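Just below sit the structures, each encoded as structure tokens.
In the two complexes below, chain A is the common chain; its partner is chain B in one and chain C in the other.
What follows is the complex of A and B.
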């Protein structure tokens, strides 16, 4: 049971990473891969909208933030593993790559794939986030009050 | 994750669904005419024609009733993945799927209201055979008369008497599809 939970957690992490990854990044990282496995579509890529919900108030009540475009697909490898791809945007090839990687992460190629694609992707996205945060931090203005000398 | 509840959807959803919708439209517009419907495969015991109808007509906002023999875990999973329709009891159903002998009494399904006659159930009935012989059909969409191998006569006459309220029927068998709207008169051949 715990092993299954761990597996589920790990899959959640790579699904989350793939969903948020920029299409160009993932395409660049997988450009050299020529041995994509054979697969059949369970659900060809389709574009739709999902409602993004957040918690804006301090009370934690859910709030509809807005709709975003999502592309999803599902496929099955010739060896039987099922992969799902849910990615932001309307890039169908990106969704296909995400679903293929999800399916291949359930096979023996998982470790190689993690080293070649997922880890660099995570590092790059983390770096992007940090540099953007640093840029924003540079514009921070600190307000302070001088002694007003009212005495 | 190797079961067949994930496969069997349309290969090219926009085109296949358009073809299936055209067939469904023609079937109801020309009662008694038998259309062919392919491209979908649901778990047993659903026929390919019924599977294509479900994929075309149902979505997450159309409550669906499954007759007991059709109410299997495999079919529920298939519907959850491909359609997302909620499974409901008859009184809340917009669509129903089952064999004629397996369906609960037709009085249990909504027939619409005077203001909204469209708020009624469309039944998809699976038959062992579907041919253009048997009960005599007359009415809108039929030039002189048509014949269809209906499983019964009296319930469809009673349904016609409710017009403009009432239920609409699709009959499926393998890849064959026929329609019987509430406006059609049904008599013994």
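What follows is the complex of A and C.
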């Protein structure tokens, strides 16, 4: 049961990473992969909108903020594993890559794929985040109190 | 008599060809790419996403190019595209408390935990034209620092600990969606916030400004303004769990407003809330002020009868696509309508003149 939950958590993490990844980055990291497995579409790539919700005051009741574009697809490998692709934006090839990787992560190729694609992708995205955080840190205000002469 | 008129196809086609040529401008000047607009006119892109109510920077940049920089026309293009998208679902409410902030300031607490982070702001610039930008000047590199707090707690939560600010409702009902059902009044806060966040920046700014000038005054302080990215999480039915489907930039403004208490509420601070797609802080602050002004009834305040306190007035005039659609349609052919007006005024005039002659004769 726990192993299943761990697997679920891990899948949630890689799917989230793929969804947020810049399409060009994922394409570059998988460019040299020539042995993509055979698959059939369960749902060919489809572009749609997801209504993003916020909360009043940040913590209160939900409200509809506006939509974002999302592309999704689902496929089944010849070996039976089902892969889902949900990615931000309108890039159908990106969604296909995400679904294939999701399916292949359920096969024996998982470890190799993690080393070759997911880990470098996560590292790059983390580096982008850290770079913006460092620039923000440089704009943090240090207040100092002026000493006031009393006489 | 009703007269159907046809024709004008050739003129229309030629007008559109000329429009395309004018859009391109002088061909000896390099053409703008969509990526250039997305990267270098990012705040225009953000406005088009916010008011187009669709988060997709590439599409917004394309719309700006197609609309020759007319942002309301670009918003129109995005709204039209939006209606062609199948609705995949809705996200879980985003957690703005976990935002990766690039900017976070408070006008109420100098020493807010997490600090005052200015970010890439126009504030404190001298608003002098920078001619270096016209001369291919080099971009200075942004400095980096360390020690940005990983967590930036909400300023209003400090006040909440003392019970000095009104609590937010914890109701988790499915919010109404104005893109799916016609507006009904009274709208309620969830629908008001949806209408305001996609409302015209100029209109919402004007309404907010009117409250500051005394038309429905509500004494706002910017408790907190934050800009940054949040993950968008959605439940995926076929998987049985939620995944992050993307990451978006948002601007959030929480105002803290003086409140003397009413028949139903004790004296405490109250809140106004603004949350907008992209880096859009003028709009987010405006939205928070107007949100607060519209809350007079639920807080048991007396209305001043100010325009910004009139929910139906504000919400039914905030949408620039509705407004421009109705406004601009009057320039389209109204020959038949006008013909009947012309005949009517001639008739009344003839009668009036005949009446005047008769009076003079008597």
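In the analysis below, the second predicted complex is superposed on the first by the 134 of 151 C-alpha atoms of A that agree within 3 Å, B and C clash if a C-alpha of one lies under 4 Å from a C-alpha of the other, contacts with A are read in each partner's own complex, and residues count from 1 in each chain.
The rule is short, and it goes like this: a residue touches a chain if its C-beta (ideal position, glycine included) is under 8 Å from a C-beta of that chain, and two chains touch if they have at least 3 such contacts.
Note that the structure is a prediction, hence the values are computed from the model and not measured.
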Report clash or fit for the pair chain B and chain C bound to chain A in the combined superposed model.
fit
Quick one: classify A:41 as touching chain B (first), chain C (second), both or neither.
first
With both structures superposed on the shared chain, find the angle between the C-alpha centres of chain B and chain C as seen from the C-alpha centre of chain A, to the nearest 10 degrees.
80
Examine A:139 and indicate which partner it touches, taking first as chain B and second as chain C; both and neither are also allowed.
second
After superposing on the shared chain, does chain C or chain B touch more chain A residues?
C
Taking the superposition as given, does A:80 touch the first partner, chain B, the second, chain C, both, or neither?
first
In the overlaid three-chain picture, which partner chain does A:31 touch, first (chain B) or second (chain C), both, or neither?
neither
Where does A:49 make contact in the superposed view: on chain B (first), on chain C (second), on both, or on neither?
second
For chain B relative to chain C post-fit, closest CA-CA distance rounded to the angstrom comes to 6
Chain A contact set shared between chain B and chain C covers 46, 74
Show which residues of chain A lie in contact with chain B when the two form their complex.
40-44, 46, 74, 76, 80-82
Spell out the part of chain A that touches chain C in their complex, as residue ranges.
8, 11-12, 15-16, 19-20, 46-70, 72, 74, 84, 86-90, 129, 131-141, 143
Quick one: in the complex, what on chain C touches chain A?
49-50, 53-56, 58-59, 82, 85-94, 96-97, 100-103, 110-111, 115-120, 142-148, 154, 156, 168-179, 189-191, 193-194, 197-198, 231-232, 234, 236, 238-239, 241-248, 250, 252, 254, 271, 273, 275, 277
Residue numbers on chain B that touch chain A, as the complex places them
1-2, 6-7, 9, 11-13, 81-82
